Structures are given as C-alpha cells and as structure tokens.
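Attaching a single structure in structure tokens format; questions to follow.
Note that the chains are named A, B, C, D and E in the order they appear, and that numbering of residues resets to 1 at the start of each chain.
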Amino acid sequence: MNVAVPQEGRTSGSAEAASVIEVRNLVKAFYDASGDRITLAATDVNFTVRRGEFVCIVGPSGCGKTTVLRILAGLEQLLSGEVRIDSMTQPAMVFQEASVFPWLTVSQNVAFPLSLKGVSAQKQRERVAELLALTGLTEFADAHPHQLSGGMKQRVSVARALVDDRDILLMDEPFGALDEQTRLTLQQELLRIWERTGKTVVFITHSVDEALTLADRVLVMSPRPGTMVADLLVPFERPRDVVEMRRDKRFWDLTYEVWRLLAAAPEH
Amino acid sequence: MTTAHPSLSPDEIERLKAPARRERIYRILSYFSPLLLLLLWEVAAQVALIDRRFFPPPSAIAGTAWQMIASLELFDHIGATLRRVWVGYAMGAIPGVLLGLILGLSAPARRVLGPIFAALYPVPKIAILPLILLIFGVGDASKFVVIAIGVFFLMFYNTLGGVMQIPQIYLDVARNAGATKFQTFRRVALPSALPSIFTGLKLAAGSSFIIIAAAEFLGARSGVGFFIWASWQTFAVSRMFVGIVVISALGYLTILALEALERHFVPWAKH
Amino acid sequence: QEKPQIEFLYSPFADYAPFFVAKELGYFDEFGLDVTLSPKSGTAETIQMLASGNVVSGAATWGAGLFNSINSGATVTIVATLAKMPDTVPSPSPLMVSEQAWQDGIRDVKDLKGKRVGIPGPGGFGLYSVAKALEKGGLTVDDVEAIYLPPPATAAAFANGGLEAGWSIEPFALQLEKEGLGRRLVEDHTFGTELGFIAFNNEFAVENEDAVVNFLAAFLKAARQLDNGGWQDEKILDIVSEYTGTEKETLKGIAYTIRSEDGSIDLTSVREQEEFFRERGALEYEGPIDIESVYRTDLLEKANALLAQQ
Amino acid sequence: MTTAHPSLSPDEIERLKAPARRERIYRILSYFSPLLLLLLWEVAAQVALIDRRFFPPPSAIAGTAWQMIASLELFDHIGATLRRVWVGYAMGAIPGVLLGLILGLSAPARRVLGPIFAALYPVPKIAILPLILLIFGVGDASKFVVIAIGVFFLMFYNTLGGVMQIPQIYLDVARNAGATKFQTFRRVALPSALPSIFTGLKLAAGSSFIIIAAAEFLGARSGVGFFIWASWQTFAVSRMFVGIVVISALGYLTILALEALERHFVPWAKH
Amino acid sequence: MNVAVPQEGRTSGSAEAASVIEVRNLVKAFYDASGDRITLAATDVNFTVRRGEFVCIVGPSGCGKTTVLRILAGLEQLLSGEVRIDSMTQPAMVFQEASVFPWLTVSQNVAFPLSLKGVSAQKQRERVAELLALTGLTEFADAHPHQLSGGMKQRVSVARALVDDRDILLMDEPFGALDEQTRLTLQQELLRIWERTGKTVVFITHSVDEALTLADRVLVMSPRPGTMVADLLVPFERPRDVVEMRRDKRFWDLTYEVWRLLAAAPEH
C-alpha cells in the first residue's frame, strides 16, 4: 500500500484521534503514454472521516469518485497530496465493476478473503451461510457466476466485502444494480451491521435518497476533475424511516441542495 | 432421465435437457472423426490416387499392425516412448507454468528474464544436442531434457500470455482481500490463466510426441520413434506407418484426455 | 571380484553386428567384462563423448569431422577397425540411379554430369563413396549437383524425379530395387575402403589395458564368426534384427561390410580418404594427420594373441 | 518533455510521466539481458568449467564470426534462411488463424474438424519427411511446408483458445448490431483473440527457426541450418557456434519485433 | 433469431395491428448439465407492447427481466411459449453488463453498428459526434474503454444502441450507473428521441421514479421464477415535470402500488 500510516495515528487519543481517514490536497491524474495525453481525475480533494462514521460520496459520472476510493484502498497511486488511513486492517472494498471470480462458486467467492487467512473450513461455512442468507443467495451457493443475474453478482461482491469484518468499508455503488426492495433490505442490513460493529463506511452512490437514508455526512464532488464542493451533515436521527423522512422538510431541502450542487457545473 | 420439476412439464424438461445430451453424443461421435482421414486415405490408395509404395492403404497397414500386436513387439516400444514423454512433459510443464506465472505477475522479473527466454527459445535444439548429450549422457535423461525444453517454452509463453490477460479487477480483488504474492499466484493468476494453460498443455502434448519421435531417431534402441526410424532405414513402409499411426494415436488420446480435464477444471468456459 | 565395466557407443546398423553378437552370445562375459551397449547418433558426438570421458568407448566412421577433431586435440585412442567394404560385389553401399533416370537413358556414370545426386552429408563416408563412384565415369563431385539427403529420403526423391542418382546402403538399396524405384549403377568403387574404427577414451585405455584387450578379443571372436558365414545363422539374425529394428527377412540375402581377420586398420585407405577431404577443402589443417600417435596397435596384437590361446 | 497543463505543476507532470519514461528505458535495457548468457558462457569457458574444444568461449566465436562477416559468407546463408522462414511462416500462420477463428466460433466445425486436427497434430514431422519430399520435392517448397505445418498448429490452437475465451457479451453485441458471420470473425473474434494470437505468433516465430535449422539438414546447400550442420560434420566447432548464435539471434529479433507489434496492436492490454 | 415473425404481422392494419411485441406464456429455464440442476428463470410471462409505446419493466433482482429482454433480442432460446416481434429491423439492445469493446476507442465503439452496415465514414463521423455530444463523451472520443469510469462506459453502450436508429429499443438498466443529473439529461434526451421517432421502447429499471417518469405502462414482475404480476398504466401527460409529478397524489399511489407488488413475495 502506498498509503502513509504514521505510527502515532494508530495510538489514538490525540485531539484528531477520531479521524480514521484523512485526505489532504489529493491530486490524481492518469497519463496515457501512447497518446501523450493527461487526464486529470481529481484535484485538491480534502476530507476526513471519523471513526465509526458513515459517509456517502455523490458526484457526477466520471468525476473521480472511484479513483478516490481506489486510492483509499491502496490500489492506485496518488500524484500529490496526502492520504492517511488509521486502521489495523486494510479497508474492504466493494468494486463498482463486476468483480466475482468466474472460476469459483458463489460461496467460494464469498469465502475468498477468509480462505486466504486460513480460517477453518467449519468457520468459513458458517460465516458464508450467514452472508448468503443476508444477501438472499442461499439457494445459489453452488452456482457459478455466469449463472447469476447482474444484481445477484453485485450481491456476491457485497457479501465478500463483509465476510471478514474489517474496520473500514469502501463501497462503490454497491446497490446500484438492485431493485428497490432488495436494496432496502440490504441498506437496512448494512446499517444494522454498521451500528453494531462501529465500522467506518465510505459509500459512493448516485441516489440522493440513498445517501440521505444512510449517511451521517454527504460529500458532494464537482464534475471532473473532481474536488469536494460540499460536506453536508444529515440531521436525521437513527433509525431512519424512509417514508417518515420524506415528510420532513429538511429532507427536501437537503435533496434540493445536493441537486443544486450537482447541477451547478453540469459536465455537458 | 426426465427428472420431475414442480413447474415444468416432462416434455419441457426433455426439451431443456436435450441440447446438453445431444452435445454429449456429438462429442463422443466426434472423437471418431479422424477415422474419416483413414477412409479418405484408403480410397485414395485403392483408386491409385497416391503411390501405394509410399502410402500403403490403411487396410494393409492394419494387417502389419495386427501381426505386431500379436507378437507383442509394439508394446515395449509404446511403453518406452510413453515413459519418456511423461517424464519430459512433467519436467518441462511445471517450471514452464511457474515461470510463466512469475514473469506474468512481476514486471522486474519479466524485464530481466523475458528477453533471456526469448533469446534461448529459438536456439535450434538439434544443434545443441551434443551439448545435451555431454551434460545428460546418452541415456534417457537426455531425451527427457529434449522434451522438457520443447514443453517448457510452450507452457511458459502460454501461461505468460494467460497471466497478462487477467483482468486487472481480479488482481485488485486479491490485493484488497489481503492475498500474499504466493496466494495471488495460486488462487487468482493460476485459475484465471487456466484456459491459456490448457492451450499450452495441449500444444505441449502434441509437441512431446513429435519431439520424442525425433529424439528416438537419434541414439535409441526402443520406443516408437526408434521403430519408425528403423523401418524407415529399411524402407519397410507399412511398418513405418504402423509406428506413425501409433505415435499419432498416443498424442491424440493425450490431447483428448487434456480436453476432458479442461472441461472439468474450467467449467465456467465454453468448450 | 568386480568385472570391469565398459559402456560402448554404437549405431543401430548391421556394421556394428559383432558387438551385438558379442554381447548377446556372452563373449564379453566370457572375457570377464561387463559391457553396456548405448545407442548414439553421429561421429562428431561420439568423438566428443569419448574425448570428454563421458563414455569410455565407441565406434565411428572416418570423415572430415573425425580428422578435424583429432587435429583440434579432441583425442581418443583408436584401437581397431570397425568395418570395411568387401572386395566383392554386390556392394553393401552402391551408387544407385533412379528408375525414371534409367528409363530416360542414364545408364552410365558419365551420364550423370550435371545431374542431381543424393549424398548423405558434406563431410562423411557417403561423400567419399559417391566421389569414388563418379570417378569411374571420369567425373568429380563438382561435376554433378550434390543434394544432401539421407538414404531413406532418396526413395521419395527417386519417385518424384528430385534426384537422378544417389548414394545408398543395404538393406535400403535392395528395397529400392524391389519397389522398382532404382537400380544399382556402380558397385565396384569402394573395394576394401575402411569404414570406421573402434576407439577408447585416452585415460581409460592407459589405465585399463587388460579390459581393452579383452573387449577387442570378444569383438574379434564375434567378427570372425560373422565374416565366416555367421549371417546364415538364425540366432544371429535374431540378435541383429533386435538391435537394428530390421526384420529378419530383410536382413537375409544382402551384402554386409567385413573386417580384416586380425581387426587391423588399413591405413592406406584412411590416408586416401584424408587426401580426398583435403582436396575438397574440408580439413582445417595442413599436411597428413598423425594417426599413428593415436592408433595403438599393441592392444590389438595382445587381443589376437589372447584369442589364439582359446 | 514537460508539457504544460492548466492544473498541474511542472513537477507533477514530471512525476506523472516518469513511470512511462522509466518503463521505456527499462525495456530498451532489457533487450540486452541475453548478453548476460554470453558473459556467463565466456567466464565458464575461461575458467575451464566447460570444455573449450567443444564449447569455445564467445570471444573465440566472435573472432570466427568476424572473419565470416568480412568474407560476406554468412549473409547468403542468412538470406536463404530468412526467406524460407518468412514464406513458411506466412503459409502456416494465415490458415492457422483462419481455422482457429472458424472452429472457435462454429460448434459444428469444431466437432467435426477439431478431432481431425488433434489427430494430425502429433504426427511426427520427422517421420513424414520422406512423404513431404515425395509431394513437394527436395527443393525449398518442402522446407516451406515443414515450417508451415509447425506454425499452423501453434497458431491454430492459440487462436482457437483465444476465441473460446471471448466473453459471450462481445458476441452478443455483434449479433445484436447485425454483424454477419464474417464481420463477427473480422471485427470481434479476431481483435478479441489478438492477445492469444500474439502468443501463438511468438511461439511460432521461435519454432520456425528451430524447424528451419533442422530442415536445412536435408536437401539444402544454403541457409544457416545447413551451415551449422556442415560445420558440425566437419567438426568446425567455432563455425558451428557462429551459426547457432546467428540463428538464435534471428529468432530473438523476430520475437522482439512481434512484441513491438503487439504493443501497437493490443494497446488496451498490459505488456 | 429464434423469434417467430409471422408474415401477416408485418402488414399491420389488423385489429391487433399496433402490437409490435407479443409475448405469450413464455417459459424459460437454464439447465446446468454438470450439476444436473434446473434454474427456472421465467414462467408464464405474458405481455404485449404496442407500436410507439414506452414500457418499463420492474422486478426484484434475479426475477428474469434480463432473460426476457434477451429473448426479445433473439439472443436466448425460449423453452416454451411464443414471442412475436413485428419489426423490419432487429431490436437494438443496451446490455446490463459492461459491453464496450476494449480494442476500440469510444467513437469506434459507438460507430460499430454503422460500420457493419458500410455507412460512409463521413456519415459515421457526423452521427457519432451527435451521440457523443448527447452522452457527454465528446472529450473522450479517442479514449479506450479502460480509461473510462463506470458511468462513462455505460453511456458508450447507450450511444451505440441509439446510433443506427432502430425501431425497437431494448434497454436493460441503461442509466443504472449514472448520477441523477446525468441520468436526468439522458432520460430527457431519450424521451425526445422517442417522441420524435415513434420508436418502441422496452426499458428495465430498478427505479420506480424512473419508470413513472418515462413509461406509458409499467410491467411488474414477481420474484424468480418471474411472471408478470401487474400491468400499470401511467396516467401523467407528457411532457412530464419530475418535480410537478411528485406533487400529484397519483404518483404516490402508483409508487406505493409498485412497492406493494414488489414487496408482496420478497425473495428472502
């Protein structure tokens, strides 16, 4: 990982102790040598996430959301700036693209992170069964990915990211391919897990509703090259009732605010 | 055959399963399509389209083969050849796959070793035979090595090609899941490259039999290659063809076996 | 007591029959030796294996490669002849003309001028043999178009008109005739020509003189048996058939190479071959090579004496 | 070098471009890594680890090579060999790729022809040489054919393997866009299988030089293979090694050229 | 194509003339020979789509929506039932999975269907430029797909499906990976094209909002094995105003109705 993790960071207790993720003046560009072309993906991105916080990132397509998340996961090198992650475990990531291994069955895919750590077969089976039940895939435990629908594949990725219970969850549109009913169930489950375990979650979504349902804060990014244009606190107390919330004026104000920000500088 | 299903009629189940069943039957039938070649050859020889002195018809060759089977003469040769091919194949395939995986995943290794392998690959084996004999002796060891060299490069380049084609996302997933370098090899690169590795294994199987035939031309007193050579030297054309057919059949069966393995180990691919 | 062990390199040709016979009829055992016969390919490899000490003994044919290797210091100890061509016809190694060429009127060596002639390689006995055959018609190798092809490939080349003539060897020559692909054109060109020799690794020969003598005695015993009608013996044909991979039926009724009674090398024939290759520019040294320095006749004399005692 | 960019500092641009630049330099340097082999060999020969009579040190071989270059003797041989390899390569690669594409996309063709090719592949080339000579004569044609056969199977199996790995979605897109069978070959199957095809092209390039070396042992009077063989027959060891190094270098350069082509034609892949 | 296209169908004019797509008692199952396992994807699906109609399909993940669409496109064989497509051109499809060709640039990908038909280079360029502008990808015309974000790849697929102007559009969650702003723009453009050209559109979505914004009718599918459980008419006149619509009680009634149908038999 190309992420600086200063020693003091780990021993918490300091004034800023609660910040688990700290991104300062992050700049990321891609260089295409064959075309001698530079694509600036994100400029001067700044934000912090406190321990146990649930943060959603929204922003126009191509603004650099995925890029920022990949940098947090240590999968991409930043060009300049600083990223600090204060965690004993590597963040778990749900990728935006299809990312299940075609050569493993559904349950083997979910068990993958556990099997790497040499967890006993019995323990793996138990944990995988839990997550398959959670994501509604129990019946497809032994199916191969090519036998699944798009939404089912996405659920496998989510189950895999949750399986080994890491401190930080990075989720890139994890419920994008799911119908509202299934999405609702999984949102609820995610919140339940988050509340119980005190995980830190960074969650990319395109749905303002979803962001307001889930997040403590919503970070809004500008069009490419993306930068953070707003950091909005979501004032609703938990547990949130989706229907109730919509009766609240603040919900519509916030929705309108996000829309306004997103529409401010349309990409085209 | 027609298992019951709550919402499908037996007729629908029948139709649903038919393609898979048909596929299986077609596959089994297709194993025999090389017999077409023999038929063509027989006809061509019978109507004197081809010179029977050089291409005796399969029926005549079968006669010779029958005598040789009866005299058990062939089986020793087959045994010797198979043993050499097996050992040489394993000696070449294992390092070939391993180095293919390593060079595929490690850019520095690829930069330094890649050109070295590229330079060694076209070295004519027949020219370095003296060197091999000198190092490995005149016995079977040098035959193993000759096969191993041929197999190695096929496996190396096919594995490398397969690894280079692995979608980046799979490596990202492995990394994010905390896979060690070795686990990434074993659990991601290897299975992901399996289709290419199987292409290599099939090519290498065919090549092994080609190479062993050539190696047994030089300095052997057993093996199907020696048998072909000896028949060749005496213009015993029927016998020579028995040898050629036998060695080709051995290669063919090996390739079929590898294809069956591939269907088993790469169940997610089309076949 | 341990029997001395000798690994001997051979080629699966009838010229090596004495070794097969000595091994299978127990002559090597009789002389207290444990001999392994290992198959090999060409002359150059044999010299290399012997000179480097990887294998202690073997046989090889005369040719440019051999002369050059001796000159370059890849020395071995030559101890006896392997075989020579008989002074009679039919020859085991005739120059053959394709049936097609015969029909087209090539009935004499001198008709081959400018024609394509198959030769097994540019530095060995085959080239010398073809040159001697051409000499019969007043031609040299440069007067024809040399095509380098091993004898079995000659069959195909005769059939499709790729060659007018070519070097050949038994039993291939007989098969060519039988199949109506070719005819013998010259057979009396290499009477008595030395074909090859038996050699040992230098150190081995010095340190194990007795073993070498015993080996030669066993060889001579088998050779004399063969040269004195042994080829009619079914048991011997079985052995040769086994080693050469040639059917017994094919082995019957063809001409074979022979050896001098005492196994000595006719150095005049060797010198003639050397001279030939020098003229062709295939030798990398000046003047005659010092064969005597690597040819030890004393061991062969002792072997003859030993055999006489029996 | 450091183009301006509205939002990046020159320093950032520098750092952004550095990896690509470094990569290019490393690649060029890496082309010379096979020289390490020569160095190793030189040292081994100098300290008499290997027998100089049979393996003269590269420095000695270079001397011989220099004379031969000066006398222009080598260039004719190189020309003859290259010509044969080129023609044979093209004769094998084109049908190999085409049949690989066809069998890859058409299940019936695969069923009928697949086993036939699998049965023909292991037929030992060395054994059927007389037959090839019979049909194609002792001239260059038979050498083209021998190379073409070797190249064909490598290209065929690698193309087939590549086509079988094409994600179904690409074929669906082609079908939905109204592609004809031929357009699907040309516009989807071919580019999608390109990485595997390039693996095949590299393997086939190396193999061609190995095969031509062996083929020029037969019925040739020119070519590097003939030169190696003639040198070995006359025990001209240094000259033989000049030949071996030359033919390996030709193969190596061909493989490098193919890798450059691959970088150009498969820009979306890792290299 | 395994789709029956009876001759009379083409000559319109009859009573049912206006139905372009007719699906009767469709049953589709997948058989996994190696596991001897049958997966029923859709049972007894019935619906028709009239010429020029815009129909949305919603349904829980894995219920068979994609399967039905693939059958309409002739990419999958049905097990029983009947499918009739009455169109001179093959339906154009936007696939749910990533489907851009990695070996082509963005503009080559978009031009692909045109290039197959031998349209002149000039015409191709013009038409591609239009669609790149429409989907906001002009700047990335020469980029390769691996240089694009998830949403950008999806926009390429949409542009490709629109490029050759076919009569029937089959769209499988085409805007699923897009932020609301970009999605809105593309929805508007799609409606504009639809209204102008009289195309027939079958559109799979997970967003009830989206369905109500776009569709003349919403077809609701039950969980796997999917079947049509409702065929709801969307009563709003066009052009529809997203914000206005939400003030209408019928909007909430319909939303509630769809939710109720989807929640009726939850998959897990």
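The criterion applied here is as follows: a residue touches a chain if its C-beta (ideal position, glycine included) is under 8 Å from a C-beta of that chain, and two chains touch if they have at least 3 such contacts.
For reference, the UniProt names are A, E = ABC transporter ATP-binding protein; B, D = ABC transporter permease.
These numbers were taken from a predicted model, which means no experiment stands behind them.
Peer 1: Can you list every chain in contact with both chain C and chain E?
Peer 2: B, D
Peer 1: Considering only C-beta pairs in contact, identify the chain pair with the most of them.
Peer 2: B-D
Peer 1: Using CA atom averages as chain centres, what separation in Å is found between chain B (ABC transporter permease) and chain E?
Peer 2: Roughly 46 Å, centre to centre.
Peer 1: Let me have the rounded angstrom distance from the C-alpha centre of chain C over to the C-alpha centre of chain D (ABC transporter permease), please.
Peer 2: 40
Peer 1: Send over the residues of chain B (ABC transporter permease) in touch with two or more other chains.
Peer 2: 51, 54, 130, 134, 229, 232, 267, in rising order.
Peer 1: In chain A, which residues are in touch with two or more of the other chains?
Peer 2: Residue numbers touching two or more other chains: 97-98.
Peer 1: Two-or-more-chain contact residues of chain C, please, as numbers and ranges.
Peer 2: 44, 48, 52, 152, 155-156, 159
Peer 1: So, with touch as defined above, which chain pairs make the list?
Peer 2: So, checking each combination of chains, I get A-B, A-D, A-E, B-C, B-D, B-E, C-D, D-E as the touching pairs.
Peer 1: Going by the contact rule set out above, which residues of chain B (ABC transporter permease) touch chain C in the complex?
Peer 2: Of all residues in chain B (ABC transporter permease), those touching chain C are 51, 53-54, 129-130, 133-134, 137-139, 218-221, 226-227, 229-236, 239.
Peer 1: In the complex formed with chain E, which residues of chain A make contact?
Peer 2: Within the complex, chain A touches chain E at residues 30, 32, 35, 39, 58-62, 65-66, 96-98, 133, 136, 138, 142-143, 147-152, 155, 173, 176-183, 185, 206-208, 259, 262-263, 266-268.
Peer 1: Mind pulling up the chain A residues that touch chain B (ABC transporter permease) in the complex?
Peer 2: On the chain A side, the touching residues are 70, 73-75, 90-93, 95, 97-99, 101-104, 112-113, 115-117, 144-146, 160, 164.
Peer 1: Inside the complex, what are the residues of chain D (ABC transporter permease) that reach chain E?
Peer 2: Touch list, chain D (ABC transporter permease) to chain E: 169-170, 172-173, 175-180, 183, 187-188, 191-192, 194, 266-268.
Peer 1: Can you name the residues of chain C that touch chain B (ABC transporter permease) in the complex?
Peer 2: It is residues 9, 12, 37-41, 44-45, 48-49, 52, 54-55, 151-152, 155-156, 159, 171-172, 175-176, 179-181, 243-247, 250 of chain C that touch chain B (ABC transporter permease).
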